[in-house]
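Written below as structure tokens is the structure these notes are about.
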Amino acid sequence: MDHSKEFNRYRERMNSRILSAKNLNIKRFFALDTRAYDKGALDAKTKEMLGLVASTVLRCNDCITYHVIRCTQEGITDEEFFEAMNIALIVGGSITIPHIRKAVETLDECRQKRKTRTHKEK
Amino acid sequence: MDHSKEFNRYRERMNSRILSAKNLNIKRFFALDTRAYDKGALDAKTKEMLGLVASTVLRCNDCITYHVIRCTQEGITDEEFFEAMNIALIVGGSITIPHIRKAVETLDECRQKRKTRTHKEK
Amino acid sequence: MDHSKEFNRYRERMNSRILSAKNLNIKRFFALDTRAYDKGALDAKTKEMLGLVASTVLRCNDCITYHVIRCTQEGITDEEFFEAMNIALIVGGSITIPHIRKAVETLDECRQKRKTRTHKEK
Amino acid sequence: MDHSKEFNRYRERMNSRILSAKNLNIKRFFALDTRAYDKGALDAKTKEMLGLVASTVLRCNDCITYHVIRCTQEGITDEEFFEAMNIALIVGGSITIPHIRKAVETLDECRQKRKTRTHKEK
Amino acid sequence: MDHSKEFNRYRERMNSRILSAKNLNIKRFFALDTRAYDKGALDAKTKEMLGLVASTVLRCNDCITYHVIRCTQEGITDEEFFEAMNIALIVGGSITIPHIRKAVETLDECRQKRKTRTHKEK
Amino acid sequence: MDHSKEFNRYRERMNSRILSAKNLNIKRFFALDTRAYDKGALDAKTKEMLGLVASTVLRCNDCITYHVIRCTQEGITDEEFFEAMNIALIVGGSITIPHIRKAVETLDECRQKRKTRTHKEK
């Protein structure tokens, strides 16, 4: 079972459904949401870490899954990941621990998929 | 009136009072809190930005004031600051706007103080 | 699989269990909770929308499911629903998006059930 | 002392400062925020009540002040106001009470100002 | 300046105003709120500590002030107070620290007032 | 299906994974988290109730499950449990109800397991 794949499929299906609703303001919000993480004065990895820590202290598993996937795509190291998680943990308290478990689970899944892919390519 | 100076004085006085209470676990938490922002795999500026965005989405003005001061000490540019604030705004919504006002007010105060200081030194 | 039916069954079973516990204050709270949405100066649809938006910014899926079902019973149109969701999205930020997905999924389920029912009645 | 006037002045000054920062995404967010409350399928009074209840359960005094002022401009009655506040109270709990106090204080101030104005016009 | 006295006066004035509004459900909620802390299977001190920790992790200064005053009336010791605060700190994270400062300030004020009163009685 | 057993297994597996990550600060936080609930001036049952109410108003199901299990191990009575839940309900509002359902479900499961165990021992 590939949790992040399943998550992405549901996410894309429901986003299409929402954007089909002809509410222009919601469409614009979704566009702004994407643009917020584009490289600017801050690089994409830093922005995704900001999104990840914000999602962790607000305790939103779906948002965490999304930003962990993006962080690994932008080349976050394990050390960087856990330092960011530690800030979320200190700021947000033990109440964030179940969400940190989820974040680490997704990180491991992403690392595993990359390995499998690299192995296949050889 | 120097808001960040007054804030720092109250903060230090009350922290001393709390640490005098002989609750060892609280003392240890305060030590961990400080250490979380030490340079590691991530540099101090990035960590302070993570703390700032976390504080903004959780809407804690005192925490915001603290991290804005620290961010300016670590050399954050205005462009970086507003990109970080934009992520907090997108993730946390319009409910964060009063806190972003506060953050910008503190930023301006820090920039102003630095100018005055530089001017005096000449 | 009928998610809102399953949800209602669990909800009713556990509410009965809680109310059987002989804690008079909890019982009174549950009664007040029901009464809050009764038609008064504001009509039932407006009140259910207030409950829906409050539940969305506080990000409680079960509460969202309940109020979406009630909103459709009170005749909310799709346009009204998405305008209410847009206010939740602007106030609460992108962190509400996973919950808006859930709300839209429940809305579609309610619309579908009504259609099936109307079809059968012919 | 006119609290809502002072609030509006600070709000406008800081919003100008933020919008002067040349962060296009923040500017767009502010525009979307305004547009969310425009009359559409739902009228302006209903939308302002949705914003008020969302702000109350999220416990943001500045947002509450803003929406109470707007609600009175759109002609909310006292009965409607307290029914909306009761939903915020039931959904969000006693933790919202200090914010409901603030909301009622602002309501009374708005009613008082209108009376004074009407009296002067005679 | 006596902060807890001033707080109590504002609190009582606004509560009277709210209860005068003839919204029966709000009145009943206020009654339930009072009753929740009455001695039952749990004694009043334990209940006030539960209210204090809940208020601290939800970060509501007015609620914290109220429950600290009540805790000292029920005879909480300093050691008990700081152990309860430590649980709030661990569960809720560093974001609660500004509120713990407030709680400790109120505790010291309550202790000081009692001393002054005892001294005068001699 | 034994929910609390399954929960404990996942919890322990992921905690081991997190602690294997060589982030010393996270390790220290986990140690502080455990120590916070050790008997001190307040007994273990009171501390677990504080943790339970904090987790309920912050609406974290995994934390609730953990503290309900611990509360039953420390001998909480049903009456005490529901009085604590009522405080969470009053402070946190109807938004906590889905989490109170979860807490009661876990309580019943713990009581049932104890009965089965006692029966087997005879």
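Labels A, B, C, D, E and F are assigned to the chains in the order they are written; within every chain, residues are numbered from 1.
By definition in this document, a residue touches a chain if its C-beta (ideal position, glycine included) is under 8 Å from a C-beta of that chain, and two chains touch if they have at least 3 such contacts.
Not measured: the values here are computed from a predicted model.
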Problem set entry | Intersection of the contact lists for subunit A and subunit E | B, C, D, F
Problem set entry | Both-way neighbours, i.e. chains that touch subunit E and touch subunit B | A, C, D, F
Seminar exercise, completed: Comparing which residue numbers subunit D and subunit E contribute to their contact, where sharing over half means same and under half means different, the two sides are different
Exercise. What is the chain whose Cα centroid lies farthest from the Cα centroid of subunit B?
Worked result: C
Seminar exercise, completed: Two copies, subunit B and subunit F, superposed on Cα atoms differ by a rotation in degrees, nearest 5, of 180
Problem set entry | Most distant chain from subunit A by Cα centroid | E
Exercise. Per the centroid of Cα atoms for each chain, what is the distance between subunit B and subunit C, given in Å?
Worked result: 39
For this session: Compute the distance, rounded to whole Å, between the mean C-alpha positions of subunit C and subunit E.
Result: 34
Exercise. Distance-wise, how many Å sit between the C-alpha centres of subunit A and subunit F, to the nearest whole number?
Worked result: 28
For this session: Could you put a whole-Å number on the gap between the CA centroids of subunit E and subunit F?
Result: 25
Problem set entry | Numbers and ranges of subunit C residues touching at least 2 other chains | 25, 29, 32-33, 36, 54-55, 57-58, 63, 79, 83, 86, 89-92, 94-95
For this session: Make each chain a node and each touching pair an edge, then name the shape: line, ring, star, complete, other.
Result: complete
Problem set entry | Touching residues on subunit C, where the partner in the complex is subunit E | 25, 28-29, 32, 35-36
Seminar exercise, completed: subunit B residues touching subunit C in their complex are 57, 89-96
Problem set entry | Contacting residues of subunit C [partner subunit D, same complex] | 32-33, 36-37, 40-42, 46-47, 49-51, 53-55, 57-58, 63, 77, 79-80, 83-84, 86-88, 90-92
Seminar exercise, completed: So, in the complex, the side of subunit D touching subunit B is made of residues 10-11, 14-15, 17-18, 21-23, 25-26, 29, 33, 54-55, 58, 60-63
Exercise. Tell me, which parts of subunit B touch subunit D in their complex?
Worked result: 59, 78-79, 82-83, 85-86, 89-90, 94-95, 97-98, 100-101, 104-105, 108
